[in-house]
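Per-chain numbering from 1; labels A, B, C and D assigned in written order.
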Amino acid sequence: MKIIPFDEVAAKFPVIFFDSYGVLRNHRGPIPNAIQTVERLMEAGKHVRVLTNNAARSPQAAADRMAEYGLHCIGEDKIITSGATTRHFLEQKVKRGKVAYLGTAASAEYIIGAGLEAIPISAVDIMRLDEIGAVAFLDDEGYDMNVDINLLINILRKCQVPVVVANTDLLYPTTANDVALATGSIARLAEYVLGRKFVKFGKPASQMFQMALDSVAQEFPSVCPRDILMVGDTLHTDILGGNTYGVSTALVLSGNTRPESAETEINASGIIPDFVCKSIGE
Amino acid sequence: MKIIPFDEVAAKFPVIFFDSYGVLRNHRGPIPNAIQTVERLMEAGKHVRVLTNNAARSPQAAADRMAEYGLHCIGEDKIITSGATTRHFLEQKVKRGKVAYLGTAASAEYIIGAGLEAIPISAVDIMRLDEIGAVAFLDDEGYDMNVDINLLINILRKCQVPVVVANTDLLYPTTANDVALATGSIARLAEYVLGRKFVKFGKPASQMFQMALDSVAQEFPSVCPRDILMVGDTLHTDILGGNTYGVSTALVLSGNTRPESAETEINASGIIPDFVCKSIGE
Amino acid sequence: MKIIPFDEVAAKFPVIFFDSYGVLRNHRGPIPNAIQTVERLMEAGKHVRVLTNNAARSPQAAADRMAEYGLHCIGEDKIITSGATTRHFLEQKVKRGKVAYLGTAASAEYIIGAGLEAIPISAVDIMRLDEIGAVAFLDDEGYDMNVDINLLINILRKCQVPVVVANTDLLYPTTANDVALATGSIARLAEYVLGRKFVKFGKPASQMFQMALDSVAQEFPSVCPRDILMVGDTLHTDILGGNTYGVSTALVLSGNTRPESAETEINASGIIPDFVCKSIGE
Amino acid sequence: MKIIPFDEVAAKFPVIFFDSYGVLRNHRGPIPNAIQTVERLMEAGKHVRVLTNNAARSPQAAADRMAEYGLHCIGEDKIITSGATTRHFLEQKVKRGKVAYLGTAASAEYIIGAGLEAIPISAVDIMRLDEIGAVAFLDDEGYDMNVDINLLINILRKCQVPVVVANTDLLYPTTANDVALATGSIARLAEYVLGRKFVKFGKPASQMFQMALDSVAQEFPSVCPRDILMVGDTLHTDILGGNTYGVSTALVLSGNTRPESAETEINASGIIPDFVCKSIGE
C-alpha cells in the first residue's frame, strides 16, 4: 500500500470534498496542520466542501463549531449535512401531515425547514396516527431509549408512511477509546425487527454527493465527477460513497481507519480508495 | 392449507413439546380449553414439556405463573427455559471470572446457578476487564438502555470473551396490539455494530430440544425425535427449530401467526409445519 | 389501497420515467394500450425516458427491440440502461488496464465504449493479474457457470481492483411462470463468499435516475425531481429507487407485483409508492 | 494469543473430535505427524471421531480415502459426515415422495439410505411436482450449473416441501491457492433469491455434534460435552459449532486459518477457541 503526501494528491483536483470528523478534526481538536492545508487549498482557488453525516446540527451550527476549532474558512455555505439531504427529501415527497421524529429539538429544524410540522415520537397520539405523514430518525439524543424505541416500533407497525433515516452511521467516537450508538444503528434495529427498508441519507448514499456537486456548480458550472476528490477516514461511508458516485477517493489514516490495519481492511472490504494518505496535514 | 383438530394430531405422538405464550396462554389468560387439553394428554400418559424462550424467570417461577393461569399440571420439572440452556453452557465453558450481564436480578440466577459470579453491566469496572469471563444478554429489563448498551459495546470492543444470548426472540407482545423489543433484538444490534457472532440459546437453536429430550428420556428411555411433536405459534422459532432438530411440528393459529396470513407466511418463509391447527383447544 | 387511472396520475407530471419489462411490455408483447399511452404522453409534450436494468444490449439494440413491439416513439436517446451508467463509471474511475467481465460479447460493448479493453473471465491469464484494472458483472449469459464463476472468485481473491455490477436484479422472467438468475444474483453470491462489497448500478441505485434527469435537462433545463414520475412494476428497484432519489413513484400491477398481493407486499416491505395503477393502459 | 502444543491440550480430554481437511490432511497428503498423533491418542484409549462437512462420499468411502493417506486407524464407524445427519433427517421427517437433489450419484446414496427415492433435479417432471417430497442440496458436482440451478429455483417457487442442505461450507480448497464454490454457496444463493430458509446440516449446526456424541456413548456411556475436545481449522464451522454445542474447542493453524491472521480473525469474528495449536502434529 503506497502512502502519498496529501498535497500531491490534492494538486490534481479542482474540487475537494472533505469528511469532517477524523479528517479535519477529532475529539482533541483540529488534526495537525489541517487548518493550514484547507486554507492553502482555498487560496489556490480549489472549491472545497465538507460532507458530514450529521443531522444533529444545522449547517450554521456546524460552521460555528468549525470556527471554534479554528477552521474559519469553512462557512455555512460550504457544509453539506445529511440533515440537509433529508430536509430536501421531505420537501419533495411528504406533502401533508406531521413528521414524527427521534432526535433533539435542534435536529427537528430539518423537518421544520421543509415546511412541515415536527412532533417528537413521545408526543404522538396513538389514536390519531392518520395525522402522521412520515417518520424520521434524526439523532441519537433527545429521547428515552427505554420507552421511545418501543413506541416508535408500535407506531410503525400500524402506520404505512415513508420512514427516513438522516444518518446511516452505526457508531460515533465519544473519546479516544469509546464509542456510542449513532442513529443509523437504531434505524437498522427497527428495520430488522419490522422487516422493512427505510430511505437513508448520508454517505455512502449518493444524495450528499449530488447536493455537494450542485453547490459547487453554482461557482464552477462545468464541474463533473472527474474533477472531484472525496477525502475521508471511513471506508464504508466516504470511500464507498465516493467510489459509487464516480469521484476519486483518498483515504486518510487520521481517524477510523488505523495505519496498522488499513491494508487488511481495504482487502477485506473490497472498498478500494484511489489514494491513501497519512492525514491531510502530512 | 388443511386445518386439523389438535387432538387428532396429538394422538399420534407419545411426547408433546409446547411453546408457552400464544399456545398455552396469551396476555388475557389461558387459551380457551388449553388447560383441559393438557390435562387430558397427561392423563393419557403422554410426556409433556414446555419449551419457553425466557431467561427472565426460573423454571420454578415459570411454573408458579402457569399455576396462576390454572395450568397446575405443569410443574417446574416440565419446563425448559432458554435460561436453563444458557446456564448449562456457562457451566460447561466458562471456568473462571465474573459474568457481566444485561437483565434483571432474577435473570442473573441462571449465572449464579452455574456456580459463577454475576455482575450487572453497569457495575463493571472498565479498568479491570480481565476479571470478566463472559458476557450474557439475559433479559430486556433491569437496565437503562440509554447508558448500558453503549457501556456494553465499549466493553465488548476491549474484551475477548464468550458472549451468550439467552433468548433470540426479537419482539414480545405486551398487549393485544403492542410489542416490545426482546433481548434478541438488543443482542442482534450489538452483533451488527461489532461485526461479531454471539452464542445463542432458545428456539430455533437445538439445545432446548436436546435438553427437553434428555428430560423425557429419564422417564421414557427409548424416546427419539420421531416420537415428538413440537407445538408452537411462531414459524421462525418453534417450527424452524423443531424441523431442524428432526421432530414433527404443529403450528397453532392462536398466537403470532394469524389465520388469515398463515398460508402466505408459510410459503414466504419456507418453514413448513407438518400440521396446522386452530389452537390446542380446538 | 386506492387504484387510480394512469392518465390521471401522469397528468400531474411534465416528465415520466418508465421501467420497460412489466410496464411497457412483457413476454407476450406490449402491455395492452401501452403504445397508445406513451404516444399520447409524448404528443402532449411530456418528456419520456425508459430506465432499464440491462447491460445485455446497447441503447440502440434496446430501441430496436422496442420498435419490434410497436414502440417506435422510444428512440435510443430516450433509453437509459444500467450498462450506460456502468460505462460512465468505468470511464471516470478506471484509468488503465483490461476489464475482465462475465457476460456476452454484446454486453462488453459498454467496456469498449469507455475506451477500455474488455477480456472475458475465461481468457484472463492468471499469471498476469496485474494487467487487470477492473472486473465487471455484465450479463447472465455468455459464459459457463460451471467453470467461470470459480475462476472469477479465484481472480478476485488475488486481485485488488474495483468490481462493478451492471445490474442488481436477482431474477428475470423467462416465460409467464418461470424465471432465471440474473447478473445481480451471481454478483451477490460472489460478494457473500468473498466478504466484499461491489459497486452496483441499475435501479434502485441513484445513478440511472441522475443520468435520466441529466438527459431530460438538455431539452427542459429547469427540470427537478419534483417534476418527475417514475413508473415501475417492482417495489425493490423502481419504487425504492424513485423514492430514495426523491421523485414521485407509481406502481403498476401489470408485471412483478400482482394485484392480489400488492397491498401485502407494500406493507411488508415498507416501500410505499405515491400512486398505484392497474397498468399504464388502464 | 498463546500457542499450546497439541498433545498438552489433548491430554485433558477423553474424547477428541477432529475435522478432516486442514486438520488431518490437506491437498498434499496427511499433515506432518498427524497419523502418529491420532494413533497415539487411540492407543491411549481416547475416543476419536472425525466430523466432516461432506455429503459427496459415504462414511465408507471417506474411510477408504483416509486409509489412502495412511490414516488406517479411522474406520467407517468413526466418521460422521454431514450427509449422515441429512439422511437421518430425511428418515425422520420425509415420509413420502421422491427427493429431488443437486449432486453426484454417490451423494444420492444418503437419500436412498433413508429409504426414499432419489431423483436428480434435471429429471424432475415439472408437470408432476406433487410427487416431490423434499429437495436436497448434496454436492457441488454432478449437475450443470448453467441449467439445473434455474430449474431448481423454478421448482422451489412452485413446490412447498422441506429443503435440506447437506453441507453449509461456502468454499473448498482445490489446490494450495485456489478454491471452488461448495454446496453451501449454491444453497445460500437459492435462499437469497427465493427469500426462504432451508434446513442446514454440517458444522456449525448441532446435529453432527449430537450424532458424534451418540456414537461415542455406545462405547463410553457416561460421556458428556465436558469430556469432548473439537479440533478444527475453521472458526465459523468447527469452533463456532463446538462452542455452541458446549464442548471445548481447539483451533489448529494448519488449514483455513493462517498463523499470521489468526488473532485478527478471532477478534473480528468473536468466535473464541479455548485453545490454539500450530497443528495436531506439533
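Just so it is clear, a contact is a pair of C-beta atoms (placed from the backbone, for glycine too) under 8 Å apart; a residue touches a chain by one contact, two chains touch by 3 or more.
Computed from a predicted model, the values in this text were never measured in an experiment.
**Q** Work out the mean Cα position per chain and let me know which chain is farthest from chain B.
**A** Max centre-to-centre separation from chain B belongs to C.
**Q** On Cα atoms, by how many degrees is chain B rotated relative to chain C, nearest 5?
**A** 180
**Q** With centres defined as the mean C-alpha position, give me the chain A-chain D separation in Å.
**A** 44
**Q** Give, as an integer number of Å, the spacing between the C-alpha centres of chain B and chain A.
**A** Distance between chain centres: 40 Å.
**Q** If you look at chain B, which of its residues touch at least two other chains?
**A** Touching at least two other chains: none.
**Q** State the interface residues of chain D toward chain C in the complex, per the touch definition above.
**A** On the chain D side, the touching residues are 144-146, 149-150, 153-154, 157-158, 170-171, 174, 177-181, 185, 188-189, 192-193.
**Q** Residues of chain B touching chain D in their complex?
**A** 88-89, 92-93, 160-163, 194-200, 205-207, 210, 225-226, 240, 243-248, 266-272, 274
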